[in-house]
């Protein structure tokens, strides 16, 4: 067995003396969705960014598809099959929609494949196809989120990290995003989903972890956590 | 009228050199927030490359290519040895690092080559003048204008149409995100340095063709002007750097050409006053960088 | 004020005690190892030290006064220069040889004025520099002498209309063409116009375009521009098709300028000396080469050596190494014997009257002797 898509053990992330993530354990089983819940400042983004290789890991380990990737660079983690649609989307606003996708596809090192992927993305997200020549900075928030997801998918990841994909979106857009998450899971992509919208996240997830003040406050099956008053206490406390 | 046309050619020619240097500064600044004051030494090194190649008997055209290569190598070496270690440091630390690099290189040129200017002699056919409609125009300014525009168009093509160019534009916005897409940031930064080095090399070729000598301090003044040009154009804005370069160069030549001699000592002051006035009206520069930066 | 007088007292005591301890004559030398003066201070110091060493091998100045030099780097920085001069005085220096330009020499002379320590510039040629006081000396033929000799040559060759290219940024680049202009007009020539540039000016095309459009056109263009400005100017001139004769000061007397090829061919410049075969100058070059392996390819080397001779002759005439006596004796030297040329301080403003050579750059980049002359003190343009 090659193990879980993602196994995080005793992870620590620090900003100077401040500990943003403390001894975090977290798994994403292959082809499943794990959701990471918690209030603002609970350590969710720090954890995800550490997994993606964009924050220094102060302690613990990260293994991806059975391979130890603790402390690896973001570039190498992408090559291990991970992609991220980060918090705030972070699309390149001065590049066109198409250029955003083409740039992300450049890691495939097969121009033809990258072209096909790009075309496939524009079919999957028709709004992106319609606006392919527009500067990405001019898209609406929901469209930018679509682009962020499409861009992440360009490198053909097996594990997708999604950080607050529904933040600031209109309700129909939120529904669309969650529909996409469901689709991706069906396609066999493992997903780590960070969300503040606990109700929606728990609906789609196979497994949930709740953070509070940088530590794991609770973990388990979504159904169990959903009715747990402790979850709400931890979630609302911080 | 003839005088005006000739001075305009002069102005565009000088502006073009400033524009290329300013663009080189802006490319690097937009990506790594480095105001590279050692950019002048990249140019100087390129000129020494031409000198050495000629001294070793290379034909002039080959010597020019050698000079361009020398400038690119110097830019890459600078990035690898000095600036990569400082990646992510604040703007002031980077600026001071670049001053240090600049000083070290100047002393090396002086002690390793010569404190005096050394001559660079191109075939006489490369200078000279030609006539169009009764107006005599120099070959060197004309060629330098053509080379400048070709270089600027080439660079514009690279930035707009190639993946490397897209990566550079994206890096200017959010270099961490670029890494999160799996794109090697070090490579993108190195490419940006190489391009800025190439532009400095082209500027060195034009500069030495016009001036006939290279000395350890050669690059300092043009890069100072180019820096003013990048600020005028909008720090970090590539289009602004090019525009600023042309504006500064043209102001300089036109001030020299058409101000009375009694005002000559104030020429630089007048040019700088014009730049400051422009910045008071447009504090972010003539063409500000498009997107706000995340810090 | 108190501090200053205490400092001076300390310096005086230090100087006395040094003099008492040994019969050695301490000469302080400002020599810029970097910056714009390095190309001049370096060779000048090498030539000076070479001849001092030769003298020391024979027992010192006049076979009596062993010389010890204190050499300090100024980085071409005036403030640094002032500092090192003070240090050299503190170290017992009784003679200061200052950097090869008027401005640092004037600054140094203000420090040495208190004790009247004679101060001689390596190669500063602006006649104004000696106006600081009776202890300040030039060594190289001054700009007004060079300008006058060059103007006389230009008139003899039939040139009538001159255009001056000068920079107000330094006494040298501004003064040379002005002296030329005065002497040229005194001899019946006419200055049609002038262009001003700034040192290290990036681009000379605007100036060249202006000269080209001048009507009537000049038949000689005169500049004291140094490198890298001179190469830039001449390239721009020839590049624009202006073939007018160019004449200039002794800064054109460098391998770099001669290496510029066709654009400088035929240009005429002044020079402090010319190593004719069999001359003392030629012999100096041979000895210097033999000892150091370096070929003195400019006049700063031999002029440095001549400074040693000037000091030796002044000390001999003074009969002591007392600073004031040496200054007075120096100012009185008449037709003193030098290697580059002889020198006369008597009757001058302590800028020695010396021969000036006019030379031409040949098509193959060689220096050709044209004439040798001494400026007529009667018609010498006043500083």
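The chains carry the letters A, B and C, assigned in the order they are written, with residues numbered from 1 in each.
The definition used in the following text is that a contact is a pair of C-beta atoms (placed from the backbone, for glycine too) under 8 Å apart; a residue touches a chain by one contact, two chains touch by 3 or more.
Predicted model only: the values in this text are computed from it and were never measured.
S.K.: Could you say which chain's mean Cα position falls nearest to the mean Cα position of the entire protein shown?
M.R.: If we average C-alpha coordinates per chain, B lands closest to the whole-structure average.
S.K.: Give the chain pair, either A-B or B-C, that is connected by more C-beta contacts.
M.R.: B-C
S.K.: When the C-alpha atoms of chain A and chain C are each averaged to a single point, how far apart are the two points in Å?
M.R.: So the centroids are 74 Å from each other.
S.K.: Approximately how many whole Å separate the CA-defined centres of chain B and chain C?
M.R.: Distance between chain centres: 36 Å.
S.K.: Can you work out the whole-Å distance between the CA centroids of chain A and chain B?
M.R.: 42
S.K.: Please output the residues of chain B touching chain A within their complex, sorted ascending.
M.R.: Those in contact with chain A are residues 163, 166-167, 169-170, 172-174, 176-185, 290-291.
S.K.: Inside the complex, what are the residues of chain B that reach chain C?
M.R.: Chain B reaches chain C through residues 2-3, 6-7, 10, 13-14, 17, 106-107, 110, 114-119, 121, 124, 127-129, 136, 138-141, 209-215, 217-218, 221-222, 225, 249, 252-254, 256-257, 261, 264-265, 267-268.
S.K.: Mind pulling up the chain A residues that touch chain B in the complex?
M.R.: Residues of chain A touching chain B: 52-54, 73-75, 77-79, 83-84, 86, 90, 92-95, 99, 102-104, 106-107, 137, 151, 154-155.
S.K.: Which positions of chain C touch chain B when the two form their complex?
M.R.: Touch residues, chain C against chain B: 34, 36, 38-39, 42, 168, 194-196, 198, 200, 202-203, 205-207, 209-210, 212-213, 227-228, 231-232, 234-236, 238-241, 254-263.
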